[in-house]
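Two complexes follow with subunit A in common, the first pairing it with subunit B and the second with subunit C.
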Partner chain A sequence: MAKEMWENFKSGFVKENPVFALYLGICSVLAITTTLNNALGMGITVTIVLILANTIVSLLRKITPNEIRIPVYIVIISTLVKSSELLIKAYAPTLDTALGVFIPLIVVNCIILGRAEAYASKHSVIESAVDGLGKGLGYTFGLIIMSVIRQVLGTGVLNLTNPFTGNMIFEIQIIPADYVISVFTQAVGAFLTFALIAAAVSALNARKQTKGAK
Partner chain B sequence: MKRIIYLACFLAAISAIAGGILAFVNDMTYERINEMAIASEKENLVKIYPSGAFEEVTFSEDSGLIEKVFKVDNGAYIYKISVYGYKDYVSYLVAIKDDTIDGFAVISVNDTPGYGMRIDEPEYADLLKGTAVNEDVPLISGVTITTGNVAKGITAAFTLNDSLGGN
Partner chain C sequence: MENLLTLAISAILINNIVLSQFLGICPFLGVSRKKDSAIGMGLAVIFVIVGASILSYLLYHLVLDPLDIEYMNLISFILVIASFVQFTEMFIKKYSPSLYKSLGIYLPLITTNCAVLYVALANITSGYNFVEMITYSIAVPVGFMLVLIIFSYIRERLDIAPVPKAFKGNPVALIVAALMAIAFSGLAGLV
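Entry: the complex of A and B
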């Protein structure tokens, strides 16, 4: 069972990466991956909400009536998201201004409802929590890759600030300011980056499968 | 029938618990969120009163131009107002003390350089300063659309100032 859990945890990164292989929750990914700061903030928030949502849904799985399971999940998820929104507003206001409406929109992020329905409602509490952690980190990993590519190509600078204090942690100029491709900071750049990474992940998975078949 | 009642009760119970949790979190963060909101406004407020202490006031008025009101410890009220200028919204602060404009600061303006942008120059703030409640708000010639709308916001602030009991 431990091995199964580990396999499931690992699969969240490439094979079943929620963003690039399962294509879940793409809207917010395209919108917020302009900087590494936003990506990390969003990724961590979603991961925490996902772990808690999976745990609670799994705890209640035996007493939740089948007919109303989706409304019950939505109530649980929206409570968690609203709580984290209030906490972010109170303790990390810079993150709140950067992510804006995309924090409340975590409620409708398909990864969370999808995992609650597909996994947590059928598995034990610990397995569900690990699944939440794995898929959450997979999502964060996807966001980080997207945002690093877009920020470096679009602005030439890679930086990270502490969301609680607003202090700069590091900042490096990678591409001289005259040679940046600013389209990458816009929606077009988001689609391009997303499509290329999704194609690469899909090719990687296909190659693994054919190798496995031989 | 029994089943339906059971389902309704279950969902109601879950929602009630969720409501309780939210009330708790809201209670815990409410004050801090308010403080943070004031802190982000404060960078602008100190342009008018560098050493003042500010407190947000709740209010209701009809013009819809006034966004926020802050009470200052010296008895003045600062009004945060947003009006449409010539091609974009102009956001500014007006301090009213003793029924007279005591300070004016522009937060954001995106009008034509040399015309609408002139409201952001210190000359205009000096011109406004000292205007009392029943006097005409001074405009800048050639910038009548922007300053006219700014003046409308100031008139609304005077009206609200009266009902708030500020002086």
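Entry: the complex of A and C
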């Protein structure tokens, strides 16, 4: 039981990474990964919403009529997202301006509805919460990788600020400002970085499979 | 009038919903393998966005705003969109079963196409009046359909091209999208 949960938790990082292997929720991944700050803010928000949504869906799974389950999930998810949007607006206004419309768009992030339908509606509360944490961290992990590559290549600087106070936590200049490739902060860079990481993950999974076959 | 034209051109070409706003990528990758389903999907999305935008615009200005419950916007809009997609699905199933088959799972998934919710929200936050709202709600999905059709033509050629194994499928499609984004960013000087 515990082992199964751990396996499920682990699979979210590479093998079944919701972003690079399953291609779920990539709209926000491409759009907001220009800086590490945005990636962390978005990742943590999605993880919290995912855990809570999975927990509530799982709690209600026995009394939800099968025919209207999708509308029920959507109402649960949009209530959670709206609450987090209002909380972020109140306590972390800089994050709110940076992420903008992508916070309300978490409602239509396929990962959350996908996990509710595929996992939380069939499993116990604790299993669902752990699944939400695992997949949410896998998503955050994907966002962090993308944003680090794009921010370093595009601006040469890697920094992190505390969204609640606006204080700088750290800032390092990795590439001299004269040698940055600014195209990585734009749309082209997003598609290109994503394509290369997705190809790497698919090559990694293919290699594991051939090893397993031997 | 000139204003509306600028709004439309910028929504179709310059701030293209897929290539510069990154919305609606799931169906963009999912149903772009064949030209016919790309056209069908494009038309379905135009229909859903225009219908859902008008309904949510009226809902916001006639109900939510007078009652001072604007914070219900997200929840009510997504319900409007979900029911509208359900309606479209029933409609297509009845009148074009072949299109219904070729769109498959992506038809109910229009609900989670972020472009739909984005347009409904943007109509409110940008403060458009009714005519501007209609123009914007038509222009955005037209841009989506344009890119989807171009992309499906490229992908049909891609099927017979020798692609490295790891890049097969979605990764190479994303590289194509990156190249298209470069091409589209050249149009930025139009308006």
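Just so it is clear, the second predicted complex is superposed on the first by the 214 of 214 C-alpha atoms of A that agree within 3 Å, B and C clash if a C-alpha of one lies under 4 Å from a C-alpha of the other, contacts with A are read in each partner's own complex, and residues count from 1 in each chain.
Rule of thumb we're sticking to: contacts are C-beta pairs under 8 Å (C-beta built on N, C-alpha and C of every residue); 3 or more make two chains touch, one makes a residue touch a chain.
Everything numeric in this text was worked out from a predicted model, so none of it was measured.
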Notebook entry, point to check: Which partner does A:90 reach: the first (subunit B), the second (subunit C), both, or neither?
Noted result: first
Margin query: Under the stated touch criterion, which partner chain does A:202 make contact with: subunit B (first), subunit C (second), both, or neither?
Written below: second
Next item on the list: Give one of first, second, both or neither to describe whether A:148 is in contact with subunit B, with subunit C, with both, or with none.
Entry: neither
Notebook entry, point to check: Does subunit B (first) or subunit C (second) touch A:82, or do both, or does neither?
Noted result: both
Check: On subunit A, which partner touches more residues: subunit B or subunit C?
Finding: C
Next item on the list: Determine, under the contact definition given at the top, whether A:181 touches first (subunit B), second (subunit C), both, or neither.
Entry: neither
Next item on the list: Starting from the residues of subunit A touching subunit B, keep only those that also touch subunit C in the other complex, and list them.
Entry: 71, 75, 78-79, 82, 86
Notebook entry, point to check: In the complex of these two chains, what residues of subunit A are touching subunit B?
Noted result: 63-65, 67-68, 71-72, 75-76, 78-79, 82-83, 86-87, 89-91, 93
Next item on the list: Name, in rising order, each residue of subunit C that touches subunit A in their complex.
Entry: 19-26, 29, 71, 74-75, 78-79, 82, 109, 111-114, 116-118, 121-122, 125, 164-175, 177-178, 181-182, 185
Notebook entry, point to check: Can you list the subunit B residues touching subunit A in their complex?
Noted result: 6-7, 10-11, 14-15, 18, 21-22, 25-26, 29, 32-33, 36, 39-40
Notebook entry, point to check: Which of the residues in subunit A end up touching subunit C in this complex?
Noted result: 23-24, 26-28, 30-31, 70-71, 74-75, 78-79, 81-82, 85-86, 101, 104-105, 107-110, 113, 186-188, 190-192, 194-196, 198-200, 202-203, 206
